Every structure is written in structure tokens, then in C-alpha cells.
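Look for chain A in each of the two complexes below; its partner is chain B in the first and chain C in the second.
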Partner chain A sequence: MTLLSGDPSRGRALQILVTLVVIALVFAPFLFPGAKAMNTAAKTCVMILLVASYDVLLGYAGIVSFAHVMFFGVGAYGVGLALYGLGAGWGALFAGLGLAILLSLALALAIGLFSLRVQSIFFAMVTLAVAYAFNVLASQLSAFTGGEDGRSFKVPAVLQPGFRWLDHPLFGVQANGKLLSYYLVVFVVAAAFLVLLRIVNSPFGRVLQAIRENPFRAEALGYRIVFHRTIATCVSALGATLAGGLSALWLRYVGPDTALSFSIQVDVLVMVVVGGMGSLWGAVLGAALFVVAESYLQDGMGALAGLAANAGLPLLPALFDPHRWLLWLGLAFVLAVYFAPLGIVGALTPPEGKGRR
Partner chain B sequence: MSPSLETRDLTIRFGGHVAVDHVTCAFRPGELTAIVGPNGAGKTTYFNLISGQLRASDGAVLIEGEDVTRLSAPQRTRLGLGRAFQLTNLFPRLTVAENVRLAVQAEAGVHYDMLRPWRARGDLIDKADAVLDSVGLGAKRDLQAAALPHGDQRKLEVAMMMALEPKVYMFDEPTAGMSVDEVPVVLDLIARLKDDASKTILLVEHKMDVVRSLADRIIVLTNGQLVADGEPAAVIASPVVQEAYLGIAPGKAA
Partner chain C sequence: MSVLDVGAALPRHRMEILPALTPVLVAVVAAPFVGSASTFLTLTAAGIAMGMMIFTMASGLTLVFGMMDVLNFGHGAFIALGAYVATLVLLPLASWSATDSILLNLAVLTLAGVAAGLVCGLMGWLFERLIVKPVYGQHLRQILATIGGSIIAEQLIYAVWGPDQIPVSIPAAFQGSFVIGEAAVEKYRLLATLVGLVVFAGEMLVLNRTKIGLLIRAGVENREMVEALGYRIDRLFVAVFMAGSALAGLGGAMMALYRGQVHATIGAEFLVLCFIVIIIGGLGSVGGSFVASILVALIANYAGFLAPKLALVSNILAMVVVLLWRPRGLYPVSGR
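Right, the complex of A and B next:
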């Protein structure tokens, strides 16, 4: 795990856990067959990038932003609308992604330079307002964006499920465009994650931590913190944009629910906190735990409710009703924050590490 | 020698209260100026105006003849002002070594390098370790700054300014709250700095014996005004000081 970063993740248990998640994701199509498992794995990958890029801002620089999902949406709509409007080619894909990146950078730069000079609460409010405006804009421009319905589109031929690149299965898995799509997602997320890891462990990343700890002192040392904060906002926005593009490509659909919804922003916040703020490895664990729980908690609860009903127990079948899964997730979140305020990473890091007092 | 730092009619008002009142003063390289005055006289506020933490209501600050009154704190630091704060002002959850390394990094001008691992700059790490050794904190380099006892935090505060290698050193009661056996480490450090004739040193200090042994010159602030300025012996003996500052116990002050 020192790969490219020069900073090992501390703690044996943490290393093992991260390694397990990485192995599970890299070999997911072969280890967990079926469309649902593959969707869950792809979503986990996308969320790892989204959460990691958010953690650069929140956990490292100490900046609270509510516009992270907006940048995710910019990426998703950029790719989606380009493929929808220009046809299913790589040119359209890259044009869409390129424009999205430019738009994200411009927005991040504007928000950062405009509002990071003053108190952080002001920055949080500005991001909230901008994200809200963007949301409204996306649904108002329905002729262009498809409004609430969003847009379904075709992806480049080799990524389509119907595309066969081998006429026999590979280790029992169909060698189709879906498999290629999955590995495209894995590859891009891995590359982007390593870049983020590099950045947070660079001299620049260290200054971000200093700014989080004591912005006043960082300035007294000669760091012009507005620029550091703005650059962090841009880096974070780029990560989110890329994640959004991948998400649209995987789903072959873009709409407010999957790309702009405020509930995604809340999910990201939960994943960062559960994983452990201020550690990119926490993003990996938080995202994996959350997405898997979101996908399988309902199944598990359905089974439990059935068991309880069969055993004739009172109340329990109602409590375990699959529709109440959010209740349980919320409860788990509260317990997690209470017992492990520094997230999974904090709980698994040896005390002499810098994460703990 | 021309002054490295100068204030002209430097003034700040908080509402109706004038905390620093038209202070005009110049500080030269090779000179250690002690700034004394009763609690609330405006010494820390004067420092804040010089290093840019506060903006002046009136007057000007000049570094090596250049007007910096409109510049921000980080810009003034880059021009060579170093500050050790009266109220300890560290990066609490970072290690002792990291606190100093960040100062070294700032001094080296490594602000935005994001593609190299920080460990690749071994030169910065080594320099930070050397500074830590000079204040006697070498053995505690891997502790969290927040976990240090008060005296060590004061030393770390000073170490961070030393690491900046400024032209002008501003010590604000560096030994306040230190135990007796810790004080000499910091005083030796300041004494050694004095040997370098290119450094300008400003020292706010209440302990008269310290002032007497280190200062080349004393200025006295009372109610934000500069009321005395000169040779230590002359200033301490002057009636205005006896009355304004040491008047409470003139016998003891001598």
C-alpha cells in the first residue's frame, strides 16, 4: 500500500481489510456472479472515488462542502448528454467528459476564490446554494437534460452488453461489453484513487492538514491558504466529476435521482464518517460497507422477518420489514459514530498513530 | 545600518479603545529590542499589527523600507517576519516533527508541490530534526503536539519560528509559564541568535533580569503609547518607566 504514495496505511487489521476489499472488487465478476452483484461492485468502485475525493476536502483540508454531488452530476450529465446527443462514440464520450471537467473546474475555482477567504460556514452555505441552483437548472432545462426522467443512452459498442469479445465464457463469466465496462470503471477508479493518495501525501497535502488543524498558524508560516483551499476544492471536484462520468457510463442512464439527488450527498457524508475522515483508506472501507449494506440489508432483513414470522414471534417481523432498512442503517450509523468517532480507520489504527490522542 | 523593520504612527482602535496609539519606531539588524509594559499595554497587539494578523486603523509598517501595511500575514512572513505567539498556536493533532517540518517547508518555498511524496524531501525532514534538537525536543519528535506539556509547547512554538529563518524574530513572552529549569534553553537560543548580526530581534518579556541580560535596547509601551526608548540602563532608570511600569516596586526593579 505504499505504492505511489510513500505513506503506508497504519495497522495490520486495516491493511488486511483494505486488501480484502480490493481483491473482492478486482475479481468481483468471477467471485460473485450475477447482475446484482456486479452492479453493487461497480457502484462501490464509483463511490470509492466519490467519497475519497470528498475526503480530500473534508478530512484533509477541513472544508465542509455541500456541492460535491453537483460535481458528480456535472460529470454524469456531461458524459450522458454527450452520448445521448452526439451518438455512442468514444469521441462523444471524451468530449462530454472534457466539457464536464472544464465546467467543474470553473465552478470550483469560482466558489473557492469567492468564498474561501471568509469563514468556512459561508463556504458551506454557498456550496449549498450553488448545488441547489444547479439541481433546479437540470430539471428546468428538460428539453436538454430530460428533466426528471433523465436520459437513457447508448454507450460505445465495445462497452455494450451485447458485445462479445470471446465466443466462449471466461472462467464461467460471459466475455461481453459489460465485463469490459466493469474493468474500465475499476481501472479508472484505481488510477484516480492513486493520484489522490499521492496528492494527500505530498508536501501540498501536508499543508492542507495544517490548514485544517490551525488556519491562522498556517498563514503565519507564510502559506496563502486561500489558494491551497481552492486547489483542494478543484482536485476534489475533478474526482467527483470523473466518478459521475463513470457512473453514467455504467448505468447507461443519467437523471436527477442517480446523479444530482441530495440524498447522494448525505450518503457520501455517511461513508466518509463511517470509513474515517482524513484517511483515503477510510473512503474505500466506508464506501464498500455502505453500498453493500444498502444493496443487501433489505434482503437480509426480509429473510429475518420471514424467520421471525415463522417462529411466531411478536413485533419482530414488523421491525425487520425490508422497508425499514433505512431505520436500521441509521441506527448502525449512530452506533458507529458513538463507538468509533474516528471511523473504521480510527478504530483499527494503533494508538501511537497520529489519528488518535 | 538601515532599519529592517519600521512602524510609523502605527495605530489600531477597537471601537473607542486605542490599543496601539501612533507608535513610531525602527528596528535594526544586530539589535535585540525588548518591549516592556504592563498587562494590556498593547504589546501583543503591536506585534499583531506588524506581522499582519491585525490591520492597522492608521499608520504604516515597513519591512526593509518597503511599505507592507496592505499586505497579508503570509506575504509579510515571506518577506522575512517570524513570529512566536504568546498564546501557543500549534497544529495540535500533528506530530511535533510535522509542526516544525511545515515551517521548514514554508521557508523552502515548497507550497504547492503535489506530485512528490512529502517523504521524498528528506532535506526538509532533516532540517526540521536539527531545529528540534536545538530546542531539546528531538526525543519527542513523534508525539502529537497537543500531548506535549506546556513548557515543551512553548519550545515548539519558538522552534517553528526558528525554522522559518526570518530576518526579524518576534518573541512574545517565550518563557511564560515555563518551569525554571526549562527557561535557559530558550534564552540560550535567543542569545545565540544575537551573535548573527543580520538578525533583528524583538522580545516582549516581563522578567526584568532576562531583559537586562539580553536587551541592547528597551522600549516601553503604556496604554498603547511608546513612552520610553533607549539603552536598557537609562530606560529602566528613567522616571517615566519607574512611574508607568516599574513604579509599583521601583526598589525591586533595580
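Right, the complex of A and C next:
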């Protein structure tokens, strides 16, 4: 209970779902052998951290930011370029991550102080513009960032797939560096998630929620809105930077498509809203659902498209084309915004009893 | 306190002149750095043309925000849709644009523009009814819903037109450029400038000289009061939304022709520019967004010539500087 900061997921169905996802992720290499499943699991972990940190901003503080993936990119590029330029050592890794964190903090402070003062709606537009400029910058400064091609790099020896730390397989799985990197990702994501959970359940988190519900009243009670919102921006930026670093470490590659593209930002939005805004457990469910859908829904859609094409129906094959899977997720997204503003978590959480907040 | 003088004219709203002069100021400052007069003229003409196209896209967005506090992230989808609808006219009628007859050339352009505007206007109506209306007055859900709408719209565009670029070409009569001294000014840019000016003049006339315009302006200033006086502001808003979407489509069509190719990414790209423009201009102000469009395009052009790397972030820098000077934009609308 103290580990979860007194904020466990509530409702039997929800608890079962969350437990299933957590078990699946922790034992993924043993439960689902194969490279694709392991990649899917690692991506899910990274996304959970990215989405949870975004939820601090969107769900708890009620601020829409479009620069979240920019911070993800800062982390990914920080780790990636440091390992590329300084060689595959732990020193380079931490130096890169440290620099990335400093840059993220500076950017988040600047954006927050600049645009949260005026009107909160400014923030959405300003972050969109800044993120766009950053994206263009990263792909244009090709001498430094590798441009559109990105950079492939080596990770520290212990994390490389060729590294064996046991001579015999462990429960039928190769005990190599890939397994170690996977558990590094899982461990860091779990730790960061618990820290985020601690933060949103602290008095600071309560004030954020108060500001979200009624800024005037919160200000009248003596809380400085700009201060709290800016800190929330920084916290969320830190989470995203860390997620970016992990992502680069896992992929051993960094480029605009995997680290900065605007479509990741849209994905993150979809995950938060479908999973459930204002609950970090929603991030777990949303990310898991999304990544699984991305990896496996397309097969089903391909089958449907084939069926529709055989039946000679117009337009339907194009709508069910596997590349159009985002269309259906977009529909789910809009429906969630209208009918289930609290997403899966909201739908599965039982109404609160007396005496609870 | 003076006694109320019924006969006296209402105090005139004085327009500040300095913000309107900022584009001129930028041009004057940039001129010595550019050096050659012909290059300067070419850059300036190109900047004004680009500014006019951006204004055509952005003016609807600023009014929609001003009236109903709706920040429409789906606006980019209409820009892209307009570009694609224009290809429906331009490609079948390719022979019209290939001929030397300036009348046929103009006809095909007009048809393409009208088609883009009409389709986007109708889609705007649908978008407003389905996506925006259920979440009036709730900023967060509104932003999310319009983003969802834009995802769906973009995917539908891909489903209908496919993911590849579609090449389009400017009709023969508008290719090439006028040469004034040593400066070359593309004909199509002049045409785009003209269209932008007509759109601006039209909007100004409607807003300042008609009853509907009066109601729209009143709605931007104070929606509740207009409603209290018995006007159905939601119907008015639908009309403004449709007009804004139609203009976005027209702007998208113009920009697609200017670039010579159509792709759905044009939507996201210019949505960002539109936001920058309406923030600089002052949210809700058409005149402000007009000035801001020219300002942003001129700065981008000069920066692109003088320091290409800087051009990428010049828009952001321009926005930061303007907001430090006037936190609510060049022409802030009172009441917000």
C-alpha cells in the first residue's frame, strides 16, 4: 500500500486487468518467447512511462501539451548521440541522460513560464509550435543528429545481445544482454511509475487537481497556479525524457521517426484518453491496449479488408486497409471523449462510497 | 461624471497604427542586410504572397476561436481536404490549364477554388455538428475531440486518395514570372496576393458593413449579451465555422498549386503556422491575423535568405518577441 502511495486501482475488474498486464510485462520473455513479442513488451513498458508522465499534465493538471514527445526525443537523442559520439560506456550513457534532463528542464521551464502565464489555451498552441520547430531542427541539423536517417549506436557491452551471463538457458530463454536490457527497462519504468504515483498523491498532486477543477478557487485559497502548473510541466517532461532514454537504449537507434514524430504525440493522446485521464493506472491499460492493437489489430483488419474486397464492396477495403488502423482508433478516441471521459478506468471503477473523496 | 449626452456620437474605437506597421518595419530593417534591391523585391513579393495564403487559411480559425472559444485542431484537415478536392478539378481538366487561353486557365482555377471551398464548407458543417457541438464550453474535451476528428479526417483522406503525393501544375498563363528591372516576381504569387486581398476585403466588408458582421463582432466581444438580446448565436457560429473551413480549403488549394504537389501532411504543417499567426495577431482578430500572416511570412523569407538554419525557428522567435511586447497579440480583442 505504501509502495502504491495509497492509490491502488479500485474495482475488481480493473485490478484483475492491471495485474494481468503487470504479470505479462514482468514475465514477458518467459511467457511469450520470440523477438517480436519481446519488442512489443519493451515498447509497452516505455509507453507506460511516457503516457503516465503525460497524464500528470493532462489528467491531473488539465493542461494540453503537444511538446511531450519533444521531451521524449530529447531523452532519446541525448542517450543516443552520447553513446554514438563518446563510445559505448556507462559514463557516456549517464552523461547523455544527464544533459538531456537538464535540457528538458530548461525547455519545460521556459515554455511553462512563458505560456502558462497568459492563457492556458496558449500552452496547447505554443507547445505545438515549439515541438514542430524542434522536430524540423532535429532532422535538419544532420551533421549532429544524423538527420532523417538518425543514428545507430552501440550500447554498453553488458546490454548487447551477444553478451552471455549464464552458460545455459534460463527457463528456456537465452540469458543474454537483451534479457538484461529488458529488465533494465522494466525496472526503471516501474520505479519511475511509482515515483509519479507518489507525486500525484502528494499534497502537490491534490493542488494540481484543485487547479484543474477550479483555478479561481485554488488561487483564492492561496495556491500559485503558474508555479504549480510549471512544476507539473517539469515533472512530466522529466518522465518523458527518461522514457526517451530507455527507448533509445532498447532500440539501439535514434531517429525522428522513432523519437520525435508528431504521430507519437497523437498516439500518446489516444492512449491517455482511452486508458483514462486522471488515473495513472489508465496509462498502464491504455498503453498496453494500444501497443497490442498496433501490433496485432492490423492483421485482423487485413483479413476484413480481404473479405470486403472479395465481396466487391466499394470503399470498405480502403477503410479496412491495415494501414488505416488509426482511423478506427481515432473513432474510439472521439467516442471515449464523448461518452467515457475517464476512459477504461472510469468505466471499470465502481462509484465511490460515503466517506471517500 | 458628465451628464449622459444622448445626441453625442459614440466614441470611435481608435485603431492603433504601430502593430500594423510591423511588417513594414521588418522589411526596412531587413533591406540593408539583403543588399541587392532586386533580391529584396523578389523576397518581399514572395513573402507577401505566402502571407496572403496563410491568412486565407488562418482567418477562419481566429473567428471561430473568438466567437465560441473553440480551438479547432481539425482545421488542418480542411486545409488538406481543400488541396485534394482541387486535384479533382485540376486533373480531369488538365487540358484547360495546358492551353494558352487565359480565360480557360482562369476558369479552371476558379472552379478548383470554388470546389475546394464548397466541399470544405459542407464538411465543416458536418464536423461542427458531429465533433465540436457536443463539447461546447469545455476546453479540454474540445481540444481532444477536434484532434480525434482530425485523426479521422486525415485517415479518411488517405483511404480515399491514397498515401502518395499527387502532382498538380499551375495553369500555363500563370507560370513564369514578370521581370521588373532585375527582380523576378512569379505571376502565380501575384494572383495569390490578389485572392488574399479579395478575401480580406470581403471579410472586412461583411464584418463591418453588414448586420451579420455586426452580430459576429458582438459575439466575439460578448457572447452572452448577444444571446440575451435574442439572437441564435449557435446558428451564426455554424455559418462562421463553415466559412472558416471553406477558406481553409481555398487556402489549401492555393498552397498545393504553389507547391506543385498535394500531400496530407500539408494540413499539420500549416495548422502550426495558422496557430502562430492567430496568436501573434491576437485571438479573435481578423485584422490582426492579416498583419501577422504577412509579418510571419516576411520574416521567414528574409531569414531563409540571410540565415537558412535560423529560418526554421524564425516563426517561434517572432511569436516570442511579439508576445513579450504585447502579451495578448498585436490586436487584442477586448473581453479576452
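Operating definition for what follows: the second predicted complex is superposed on the first by the 307 of 357 C-alpha atoms of A that agree within 3 Å, B and C clash if a C-alpha of one lies under 4 Å from a C-alpha of the other, contacts with A are read in each partner's own complex, and residues count from 1 in each chain.
Here is the rule we use: a residue touches a chain if its C-beta (ideal position, glycine included) is under 8 Å from a C-beta of that chain, and two chains touch if they have at least 3 such contacts.
Keep in mind it's a predicted model, so treat the numbers as computed, not measured.
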Quick check for you: in the superposed arrangement, does A:14 touch first (chain B), second (chain C), both or neither? neither
Larger residue footprint on chain A, choosing between chain B and chain C, goes to C
Under the stated touch criterion, which partner chain does A:133 make contact with: chain B (first), chain C (second), both, or neither? second
Once the structures are superposed on A, label A:121 by its partner contacts, choosing first (chain B), second (chain C), both or neither. second
With the two structures laid over each other on chain A, which partner does A:337 touch: chain B (first), chain C (second), both, or neither? second
Applying the document's definition of touch, where does A:101 land relative to chain B and chain C: first, second, both, or neither? neither
With both complexes overlaid on chain A, does A:222 touch chain B (first), chain C (second), both or neither? first
Footprint intersection on chain A (chain B / chain C) at none
Residue set of chain C touching chain A in the complex reads 71, 131, 134-135, 139-141, 143-145, 147-149, 151-152, 155-156, 158-160, 163, 268-269, 271-272, 275-276, 279, 309, 312-313, 315-316, 319-320, 323, 327-328
Quick one: in the complex, what on chain A touches chain B? 5-7, 198-199, 201-207, 209-210, 213-214, 216-225, 227-228, 231, 235, 352, 354, 357
In their shared complex, chain C is touched by residues of chain A numbered 58, 62, 64, 114, 117-118, 120-122, 124-126, 128-130, 132-133, 136-137, 140-141, 262, 266, 269-270, 273, 315, 318-319, 321, 323-324, 326-327, 329-331, 333-334, 337-338, 341
Contact footprint of chain A on chain B as seen in their complex: 51, 53, 72-75, 77-78, 83, 85, 89-95, 98, 101-103, 105-107, 110-121, 124, 142, 144, 146-147, 160, 164
